[in-house]
Amino acid sequence: MIDKTVPSVAQAVQGIHDGATVMIGGFGEAGSPIELIHSLIDQGASNLTVINNNTGSGEVGLAALIKAGRVRKMICSYPRSQNSTVFPDLYRAGKVELELVPQGTLAERIRAGGAGIPAFYTPASVGTPLQEGKELRSFGNQEYVLERGLRADYALLKARCADRYGNLLYNKTARNFSPLMAMAGGTTIVQVAEIVEAGELDPEAVITPGIFVQQVIRIPNPAHESDLVRQGVIYP
Amino acid sequence: MIDKTVPSVAQAVQGIHDGATVMIGGFGEAGSPIELIHSLIDQGASNLTVINNNTGSGEVGLAALIKAGRVRKMICSYPRSQNSTVFPDLYRAGKVELELVPQGTLAERIRAGGAGIPAFYTPASVGTPLQEGKELRSFGNQEYVLERGLRADYALLKARCADRYGNLLYNKTARNFSPLMAMAGGTTIVQVAEIVEAGELDPEAVITPGIFVQQVIRIPNPAHESDLVRQGVIYP
Amino acid sequence: MTSPIGLSREEMAQRVALDIPDGSYVNLGIGIPELIAKFVPEGREFIYHTENGLLGMGPSPLEGQGEPELINAGKRQITALPGAAYFHHADSFAMIRGGHLDLCVLGALQVAKNGDLANWSTGGPDAIPAVGGAMDLVAGVKQIFAVTQHCTKKGHPKLVEACTFPLTGVGVVSRIYTDLAVIAVTPEGLRVLELSPGVDLAYVQERTGTELLPSLPSS
Amino acid sequence: MTSPIGLSREEMAQRVALDIPDGSYVNLGIGIPELIAKFVPEGREFIYHTENGLLGMGPSPLEGQGEPELINAGKRQITALPGAAYFHHADSFAMIRGGHLDLCVLGALQVAKNGDLANWSTGGPDAIPAVGGAMDLVAGVKQIFAVTQHCTKKGHPKLVEACTFPLTGVGVVSRIYTDLAVIAVTPEGLRVLELSPGVDLAYVQERTGTELLPSLPSS
């Protein structure tokens, strides 16, 4: 019987190797798999390339992973937040690389990676510094820039609900990049608040079909990053 | 107040001009907007380029539109059906053009058109006759073919349910190309069996957000193509 | 921080709202643009898109009723209106890049006379570059309005001959709303459409880094 | 239409099913491949994908219980199993092209010794070309099995030195299941893994358009 649930966060992330590329779901705190990230900090993998829209907040979750020195390079669209200096400090000190990607290009690159599209053209960034070093080409009367699909060894995601096949439902704007990263992750690991029986999810309403998911771990009451930041929590 | 519902199929299709490019939803009969197609036959527009996975069945719906001589060119992946000779006969007689596109490439081209992606690379068709005349390029160790986004002046679709904003739910495998064509159609016209109040659709479960839809027409009991074919119906 | 003369931030937002046609699909940037949502003119309905995955964005939640997983692109808590839909980021930017949004209102660091926009980085050596969705928005949305104070806090003009900050997009802005004026980007240059109460063209020109054309007599 | 010797269509389908690992995501082509779904070996669970938008495809509906809008890629009515999910065509082919499916079993007009597959057109002057999803499937799915009668109805070999019909994909087939044998596509050529009951290598070779290598002694 197919059953993708795993018993612990430690087991879920145990295979992540030094030097791995890891996509992490979420837009700000919405959809951030904070328990999986903390477990990854405990696990110790380093020299990671991390793909996330942001760079975390406070000193928990993604910001804590970066602070712990585990991240060699960030690929993101917006590496600033009002309440974290972790990334800016390390970036200015030359201790972490940054590949800055327009947000829609980032989303499309991840989707393309997951969909077997090696490259595509987009109008975003043409004529700006972020186009530098990239191929330009005209279609019709407009110029476009060639962008590459992105894949990752692992995707760490948060969803609301799953079944044993890994079918997923999300919560509101916590959906954001996660369905794309599920497609683009070689091993997609998802923390969910609830696991239901096969057949309980409406097949018309499933957002991520289970084929894109390798492991599901139940975290019934996930922490909210903003709560932890407000409480002054520093992980670990 | 935004209200995209229109009172009649005749009004829905009245703007479609001679020479228009029209995407028509459906995979075989599943999702085929047969009442909209029949109304388009009545309306009389000709010299159309039609994009659909197939070429219809019997002498109703899309097959009837082709038989009526309104279609200059078909863009599709599978122009054969067990119970229609309309397209094959006209094609052999040189009276209709065919652009044959692998099914996944067709789907992705339509999505790309709707998503503002002018072109992308895919591995499908490399080394086959369908790659002829197209640019090849290597990424990594594999060859890919460059394919263009597809847009259309109109998209004619069938869905199960809509609200006044044009948010759509579909029915099972009748979903197929329709959410993509909704994105790629300049004017997207959708026949639905049911129209509900704004707020009745679960925002987590909406498949096509209303931004992609311009007109909604209620057809409470749509015909099934296979029933009409079985009954020997010939339209008009 | 209010100018002695000219519109307040709220008034600027309200002024922009007046120019949004009924039924528009609109994306609002961070800052002054966010305030626009409060000012829907009588008899119109706008649908607000937030690029992190919601169409049908409603106002801020009541105190204590917000949800950390229902936020806008500025990461502020919001609500969803009846008829809303959630979607993932690729679909959200398909709406943007595919030209499905009617209007995007963005803040600006600089706008050039040809409509070039700079709004993501001052390019300073210590700046952390952060672009977000701005480059996709200006490349894809049908019409781009910039709303901004006419000058920086230090009094430097933000409407300029050519942007000195890194560009967000080339020739993308069609109209500029400031505390002092409403200005159209035209092939001839920046044309004043409307002056704020108590402000004359010379006053605005003095605070502008490029020549302003006077408004045309209305026909 | 049964051969005097060799497997029936049903037996060929059953033979393929034996080689599908537990937990596989599988797409089945039209014809003999469709029959495979009936033969899930004891203790295994397969998830069937149909490219027109369903993962978790179940068997044919009971007489009179089918729905015209719940069909497979061959446009036959099917059912959906508990745990199924519907999706649109772009997502469906993202699964295919993105390498998320473990196995696709397709029919064949010809298979060449290097794994080239021709299964969509005879290329005849009067043929209506119709490719469907075959080119995407062979380009994207991790492993491609071909299942086919060893020879055409007229007795011509379908396993050949080089395909004469238009290709579906280059070097894509890894294994061939026929009424007479199970054959692996290897860098050295076609290697017989298994002969059907009552058939010897010479008999199969005689009906094959390219050299067959004998099975290796099992280690």
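As written, the chains take the letters A, B, C and D, and residue 1 is the first residue of each chain.
The working rule: contacts are C-beta pairs under 8 Å (C-beta built on N, C-alpha and C of every residue); 3 or more make two chains touch, one makes a residue touch a chain.
All of these numbers come straight from a predicted model, not from anything done at the bench.
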* **Chain pair with the higher count of C-beta pairs in contact (B-D, B-C)** => B-D
* To do: Provide the C-alpha centroid distance between chain B and chain C, rounded to the nearest whole angstrom.
  => 36
* Euclidean distance of C-alpha centroids - chain C vs chain D, Å -> 56
* To do: Averaged over CA atoms, how far is the centre of chain B from the centre of chain D? Could you give it in whole Å?
  => 29
* To do: Two or more other chains in contact with one residue: find those residues in chain A.
  => 108, 111, 115-117, 122-123, 170, 172, 204, 207
* Asked: Tell me, which residues of chain C touch at least two other chains?
  -> 54, 80, 86-87, 90, 93, 96-97, 139-140
* Structure fact -> Full set of chain pairs in contact is A-B, A-C, A-D, B-C, B-D
* Asked: What residues of chain A sit close enough to touch chain B in their complex?
  -> 108, 112, 115-123, 139-140, 142, 144, 148, 169-170, 172, 202, 204-205, 207
* Structure fact -> Listed in rising order, chain D residues that touch chain A in their complex are 23, 25, 45, 47, 49, 54-56, 80, 82-87, 90-91, 93-101, 139-140
* Asked: So in the complex, which bits of chain A are touching chain D?
  -> 1-2, 111, 113-117, 163-165, 167, 183, 197-199, 201, 203-204, 206, 209-212
* Complex interface listing, chain B residues touching chain D -> 27-31, 77-81, 87-88, 91-92, 98, 100-108, 110-111, 122-130, 170-180, 207, 224-227
* What part of chain C is in contact with chain A in the complex they form? -> 50-54, 67-72, 75, 80, 86-90, 92-93, 96-97, 123, 126, 128-136, 139-140, 166-170
